[in-house]
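Chain lettering (A, B and C) follows the sequence in which the chains are written, and residue indices restart at 1 in each chain.
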């Protein structure tokens, strides 16, 4: 791969630049789902529903709004990643065929993948940062350590995104994407300790929650915000999430090459 | 509308009658007043470059696009008031296949038949028959999407026959197909014509028009530029033969041979001499000491007529 | 090309004409817009869904996940909430709201997304309009399919509610027809909205309408949480009426006010259908 005209990182950055060029023309379509939707969620669940919740052991002694906010950062990251990792990737292979156009230049299939993932990561980080600022303005964030939630939530989002991008690269039809949303993203949003402690769910569900990137992300984000995060658990969560990203990249490289280098 | 008696008194009934037909899209005039008569059993062609107004005309005749002005009667009825009745008796093959990609080949035919009010058993039988006709029986239960361009086109044509139409409208039926697929389609269309179906075809392929059409009009800029049978048009707008002389680019102005033919056309690398006798013209050219790189004598085609009438400049 | 002799021309069958005397609509709607054959579009949708039955069934799970999560997870954070007839367990409070919300979500999604796709990309309707069918057939057929599908989801959800003891009144028998009315109203308005969309980007605007309705129409907490002026605003929104209706029916506190809700949706249906049919006719028949 080193014989190519542009190095892998440079190529990925060029891809990001191309995405940015597109985004500058089409950003309006994503503002509502990426930025506004999480804020509405925070208002409805944190403020509205939260008014019905009495502070107690279940919310770690915090008001419900404060309890919910760091978890919602992680959930937002994953929600924002879904569309970008499924339909957008699929379309670039099948409908718009932008990937096919890119690989007819010196850029390789693997570099196309890196560029796509880097772009998604940037989008997630931007969305989370904006959300964090708004949550802070609403009084949902009370600790400066919550800033750490941005990289943690982005990492959790990518731990979901990278394997899904690899999966999307194998699809000939977009049928499975709605199922991913309904059977992966929805349960991951609702049953991983974000809205209420995991301990309230039956025990047999716990191991399933532990498999999801959302649970690890929430543990990290909430732990960092409330200062309850130990070093070893933190390393464990980060290691697990990184492993998922790595798995996604390895599979993605294989599937992108199979699909594009023909 | 002014002379409804015309439909009755004619020996062969008129299926399409248009007079001063116009179509505007906002301030754009796609069709600027055309007169067309298509009789039963005829194969009628609309020729013209892209944007000439062929498709707009076809959409008006197939009763999915209301006319802006002028007269139009299809199968003796007014599309404005009798759209559904007319559409029940015509078949439409649009320029771009609009097959139902969510259904299989067989289901496409069956569901389409149901739109015409055919019974479930009737559409089942019809679908089997039409798949045979379109050589798609082996793909009966396949998805539509992965079919080749030729297969999709055949399926669209088969679909348009599901109601046994009196009139079949084909908008550029073979554009984008390979030669094999085109010939197979021509063969199928020829059979339909022989079985008495009236065909209206738009195309910008001259060979297609010569193959299929009894009579045709050349459209340009929303108007009819010429009308007649292919041979009539060649006789009227071209000569019997064409002599093509090839020169290195820019070395011939055509002045030396201008008086040797009825009409001379100078292109960047070629000079075309339109004449009744190509060999005689070539001899005369040599006699003048003009030495082209190569020369060719050929019969005049509809393409010469087409280019003469609509110009060589790219339209879109 | 070699085996072409084996194929024969299709034999002609008796000529086909549009159906006559099929109901009131045929006489009301201008000729050319309606052929009285909307049911064929329902047949088509049924055929399509038979091939993709997994995605049809999966639509049933989404509100179910919400019910389990909210009813049982959040139910332990919040013991009782002020319902129509006094404090009720949280699950009893939230379940009818989810029923109403899923009727809305399903109808809006189906109406906007599917209509737009078929109309703009698949060109499905162009082919349909080349037959005797008109835009009113299309609008009616698609709306009917939305209802059938939505009705199945609603029935399933009501059954689950019953199984978990979240229904305490025989009035709940009317919850299914009420869901159909709500779905029809949202589908009609959704279809009308879809005809105004220019590209996929506009779907974010649909989201912008549906999302706040879902979150703020007293779905998750009682109206009393809002300050007075905001209560007045919420009381004008459609999903609020749907949720109030469902809560009344499943808890049995039904008053004459329920008719207000019904009237609200009847008006939505009429406006939606009229606008959608008009716009479809204008866009498709150019």
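As a convention for this text, a residue touches a chain if its C-beta (ideal position, glycine included) is under 8 Å from a C-beta of that chain, and two chains touch if they have at least 3 such contacts.
The structure displayed is predicted, hence computed values, not measured ones.
K.L.:
Which chain lies the greatest distance away from subunit A when centres are computed from Cα atoms alone?
P.N.:
Here the answer is chain B, farthest from subunit A.
K.L.:
If I average the Cα coordinates per chain and compare with the overall Cα mean, which chain comes out closest?
P.N.:
Per-chain C-alpha centroids ranked by distance to the global centroid put C first.
K.L.:
With centres defined as the mean C-alpha position, give me the subunit B-subunit C separation in Å.
P.N.:
Going by mean C-alpha positions, subunit B sits 44 Å from subunit C.
K.L.:
If you average the CA atoms of subunit A and of subunit B, how many Å lie between those two points?
P.N.:
Distance between chain centres: 54 Å.
K.L.:
Which integer distance in Å separates the CA centroid of subunit A from that of subunit C?
P.N.:
Each chain reduced to its C-alpha mean, subunit A and subunit C end up 31 Å apart.
K.L.:
Quick check on subunit B: which residues sit in contact with 2+ other chains?
P.N.:
none
K.L.:
If you look only at subunit C, which of its residues touch subunit B in the complex?
P.N.:
1, 3-4, 7-13, 15-19, 31-32, 35, 37, 40, 43-44, 47-48, 51, 122-124, 126-134, 284-286
K.L.:
If you look only at subunit C, which of its residues touch subunit A in the complex?
P.N.:
Listed in rising order, the residues of subunit C that touch subunit A are 52, 54-55, 58-59, 61-62, 65-66, 68-70, 72-74, 76-78, 81, 200-205, 207-208, 211-212, 215-216, 219-222, 225.
K.L.:
Taking the complex as given, what residues does subunit B use to touch subunit C?
P.N.:
My answer: residues 25, 62-66, 80-85, 87-89, 92, 94, 96, 98-103, 107, 111-112, 114-118, 122, 126, 129-130, 132-133, 135, 159, 161, 163-164, 180, 183-184, 187, 191-192, 195.
K.L.:
Which part of subunit A faces subunit C closely enough to touch in the complex?
P.N.:
These residues of subunit A touch subunit C: 26, 28-33, 36-37, 40-41, 43-45, 48-49, 51-54, 58-59, 64, 175, 178-179, 182-183, 186-187, 190-191, 195-196, 200-201.
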